[in-house]
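Starting off with a structure, shown below.
Think of it as A, B, C and D in the order they're written, each chain with its own count starting at 1.
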Amino acid sequence: MTTTDQTADLFAYTLRLADDAAILGQRLGEWCGHAPTLEEDIGLANVALDHIGQARALYTYAGEVEGEGRDEDQLCFLRHERQFNNCLLVEQPNGDFAQTILRQFFFSAFMLPLWRELKGSKDATLAAIAAKAEKEAAYHVRHSAEWTIRLGDGTTESHERAQAAVDQLWPYTGELFEIDGVVERLVAAGIAVDPASLRDEWHATLREVLDEATLRLPPDGWFQTGGRSGRHSESFGHLLSQMQYMQRAWPGHKW
Amino acid sequence: MTTTDQTADLFAYTLRLADDAAILGQRLGEWCGHAPTLEEDIGLANVALDHIGQARALYTYAGEVEGEGRDEDQLCFLRHERQFNNCLLVEQPNGDFAQTILRQFFFSAFMLPLWRELKGSKDATLAAIAAKAEKEAAYHVRHSAEWTIRLGDGTTESHERAQAAVDQLWPYTGELFEIDGVVERLVAAGIAVDPASLRDEWHATLREVLDEATLRLPPDGWFQTGGRSGRHSESFGHLLSQMQYMQRAWPGHKW
Amino acid sequence: AALLAAFQARVDAEEKIEPNDWMPEAYRKTLVRQISQHAHSEIVGMLPEGNWISRAPTLKRKAALLAKVQDEGGHGLYLYSAAETLGVSREELTEQLLSGKAKYSSIFNYPTLTWADIGAIGWLVDGAAIMNQIPLCRCSFGPYSRAMIRVCKEESFHQRQGYELLLEMCRSSEEQKEMVQDALNRWWWPSLMMFGPSDTDSKHSAQSMAWKIKRFTNDELRQKFVDATVPQAHYLGLTLPDPDLKFNEETGHWEYGEIDWEEFSRVVAGNGPCNRERLDARRKAWDEGAWVREASLAYAEKRRNRREAARIAAE
Amino acid sequence: AALLAAFQARVDAEEKIEPNDWMPEAYRKTLVRQISQHAHSEIVGMLPEGNWISRAPTLKRKAALLAKVQDEGGHGLYLYSAAETLGVSREELTEQLLSGKAKYSSIFNYPTLTWADIGAIGWLVDGAAIMNQIPLCRCSFGPYSRAMIRVCKEESFHQRQGYELLLEMCRSSEEQKEMVQDALNRWWWPSLMMFGPSDTDSKHSAQSMAWKIKRFTNDELRQKFVDATVPQAHYLGLTLPDPDLKFNEETGHWEYGEIDWEEFSRVVAGNGPCNRERLDARRKAWDEGAWVREASLAYAEKRRNRREAARIAAE
């Protein structure tokens, strides 16, 4: 493999991680001032902040890898919908609090081991980003798992809402484990993490928490796909129209 | 008064009418596919279409008056929030069906006599636009008045929702009757309509319909203001970020 | 049996069957199923296009899109009315749609991701619908046939409008042309699937042909669509996303590659990208509109009672 | 009366009053009112800024804004805790806010219309808040005084951040500078109103001063704010929207024009541009979150019962 190819792969891989973080941060930010308790207004903002922070580091690095002078904001605010490669899970609308919590739990339970493994990446920058993100993800797992248990084992209504959230979001989890050429080659090069190697741990985390929450894990069935190649949900375009509004309406200005 | 001044006034006046129509059309379009009955999916789309049509004619004319080569789309999609001069009433979020209906009723009951009088404008283009719009407004008044009566005199729930809509929207109606230098000068020149001259008829229409609907008209109190000088509601920026998304994200393209 | 023979004779003679005429129960059932699926498709079909009304790039396009979606609502209305002549109410049909029991055209379970998708739906989806519907204008059941004549006229307008929209984009810039190509890539195969399973696997075809509900097989209609559409794509300067596509000089037809019937079945079974969103949106509209429909009924009854009271008082 | 004298003596000696100390009922009431209004202001204040989180122009600004709004939630938390030491529960206080009985700072009934408003809120609104709050760090009531020390530290960070945001905009382009000027025009007078009615009309001042809850009068604080802020505006190259503003060489103060107290009273009374939206938003969050809070309680109780059962079983 030539260096150019690896550069392109690394750019693509870093960008996916960045998009995941940015889009989830964007969704979480929508809660601010509207959460069920003041503690959660603060808690969700905290989780949002961690993701925005990760996105900044990852976009900045992606821009450096690409070498065309794009900074974090150009990558986040000036790409079109079909150019975003985040997984579909993170872009799902907030829905009720249960959906927000389960989305976070499914995602962070995957990201925690991913960041842990990525700390060993041969790419020093990714490894450094992963070291910081791992600590944050540990908190996100704990926070969302505690709420999953509270909601699942709370009232009849909260149990039903939590189960509905599990069922609704489940089809979007398959994509976390997808592997394509980019990931394959970077795994071989010791740069990326093979998601398949995380599946057992992820499943175990889910089983443990959902059991305690008296929630049922849906059977593995058909999974949604498309995010990694820029085929998103219809709600995604609306998210972008908000997120990118200022940079689009005031091109070339500094803020 | 110099011709330049009158040109500026005419541009401002036409633009206000255009903004009112465009923004209300935009709000109504949001209902499409989500209305309470199939007939209303069609009915609200119809009202939306009439307003988009009026906006097109008015923006086109405003662009001609301005004489700087701006077409209907540049005026609608490439101005910033503080440059829009629609009244606050039309930008109010759809809310429930009652709020959408009452917003329409309050507005169209004002626009029907306005268009009727504007047919006599010394400005031939405005007069021609008014002639077409009058017929449309007559339908909008009928449609929204019928629903106001049905909701007001329907069930306890629909009565409460309709009354809540009346109370909530009422403070936004004062702005319809505001007069500033632009309107004053154009009224004197026989071009614009004096909104004060429409107040009695507007009030009579409201009283008649709300009486039949068993709804209570709030006392005249304090009225919201700001739309005509570009001070909008917080929801307005979000409306613009959607409406202008394509023109902003793809500057200079033809569609 | 004599009734059945007389019925078939009328059908064979190209006479129209009207709602009050005798008809076999299976004929009625087939029609109810087909007409209501068709109506549901119009209603659900409002959603993917409705998704872009608030973001249409020009006022002219916004107006055209609103008018189109409104027409689809209108088609839904006539089709429900045609179904009602067969003794099934709109409420029942709506209930079947919302419960997930009734089907609608699976194409509407794909998302509209860019503005080019609005053009692609007009060109391809309405184009495929028209191919299906033109023969239905001669359908043996009178109300359906008459509804189809009206629907087809409007659909072909939409189809031309969609194509014109894409043409404008392709001519305007290379980036927009790419957007159109991307839309074609995503909508082409689902459009071919709109004609239903291949003739060898189609359950209802033979009987529907005999009843003159259907006039052509699924594969025949699909071929007509491909033959009509491929040159249009070429005129736009686009490539069809089918490496096996080639023109057969002898037959004069465009031969196309293998359709992914697994994807078709999966989406029909409920696992398309937007099946849940579509039903959720319809259910939400229905549930949130319940108080409005109740108010309408309550008001109508009050009026009736008042009129009645006035009549009695006057006597 | 002896208690009262002893209390006043402690206050006069600048000793801190703690929750379990004896205090006059009126002192307690004044503090509950003031602290809870302050807490409510932090909570409602999250909304106008929260309105821009999803549209912040850069990731850095988005993060800073999120962090700021989060800090405001934190301030709300400590302030509710300080109020709780006076024997009033957060639920009661929340109920008072949502029913419209309790007040919050009227400034938050103005809308954030452009991104510059985010900077203006930081600079002017937080700036005015700090002027009010710095003396409160020495307030006679211990918990309030300690909360204020923490709050002030964070607020002054926010104030600098807001000013820096505007500075960047003013330097970046003429259009952005206009946006900043427009924000200043809209926020200036409401910021001056944040200090409350003029001393001649202020109801609570004298007693609060004696109790060392207040250290300066409204007009004194307002003057300090004007004196600090006008030069900052000039440094940005902006014009204050007050034709009567002028520097008095003798006193060394900036003299400002007449405040529109009618507007102030109207907005306090509920007729500001956003009063309804703010309460609606808080009520909606509260109502829609009810099932979550119930689930938390139910789960906590289940856990307690299980632990209790385990303990009994173990005995």
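Structural remarks
In this text, contacts are C-beta pairs under 8 Å (C-beta built on N, C-alpha and C of every residue); 3 or more make two chains touch, one makes a residue touch a chain.
Only a predicted model underlies this, so the values are computations on that prediction, with no experimental measurement involved.
Of all chains in the assembly, those touching chain A and also chain C are B. Set against the Cα centre of chain A, the chain with the most distant centre is B.
The chain pair B-C and the chain pair B-D differ in C-beta contact count, and the higher one is B-C. The centroid of the Cα atoms in chain A and the matching centroid in chain D are 35 Å apart.
Note on chain placement: the centre of chain C and the centre of chain D lie 57 Å apart, centres being C-alpha means. In chain A, the residues that reach two or more other chains under the touch definition are 80, 237, 241-242, 245.
Residue positions of chain D with contacts to 2 or more other chains are 55. Contact annotation for chain pairs lists A-B, A-C, A-D, B-C, B-D, with touch applied as defined.
By the touch criterion given at the top, residues 43, 46-47, 50, 53-63, 66-67, 69-70, 73-74, 76-77, 80, 115, 165, 168-169, 171-173, 175-176, 281, 284-285, 288-296, 298-299, 302 of chain C touch chain B in their complex.
The residues of chain B lying in touch with chain A in their complex are 80, 237-238, 240-242, 244-245, 248-249, 251.
Residues of chain D touching chain B in their complex: 48, 51, 55, 111-114, 182, 186, 266, 271, 273-274, 276-277.
By the touch criterion given at the top, residues 80-82, 168, 171, 221-222, 224, 226, 231-234, 236-237, 241 of chain A touch chain C in their complex.
On the side of chain B, the complex with chain C involves touching residues 22, 25-26, 29-30, 32-42, 45-46, 48-49, 52-53, 55-56, 59, 72-73, 76-77, 96-97, 149-151, 153-155, 157-158, 161, 242-243, 245-247, 250, 253-255.
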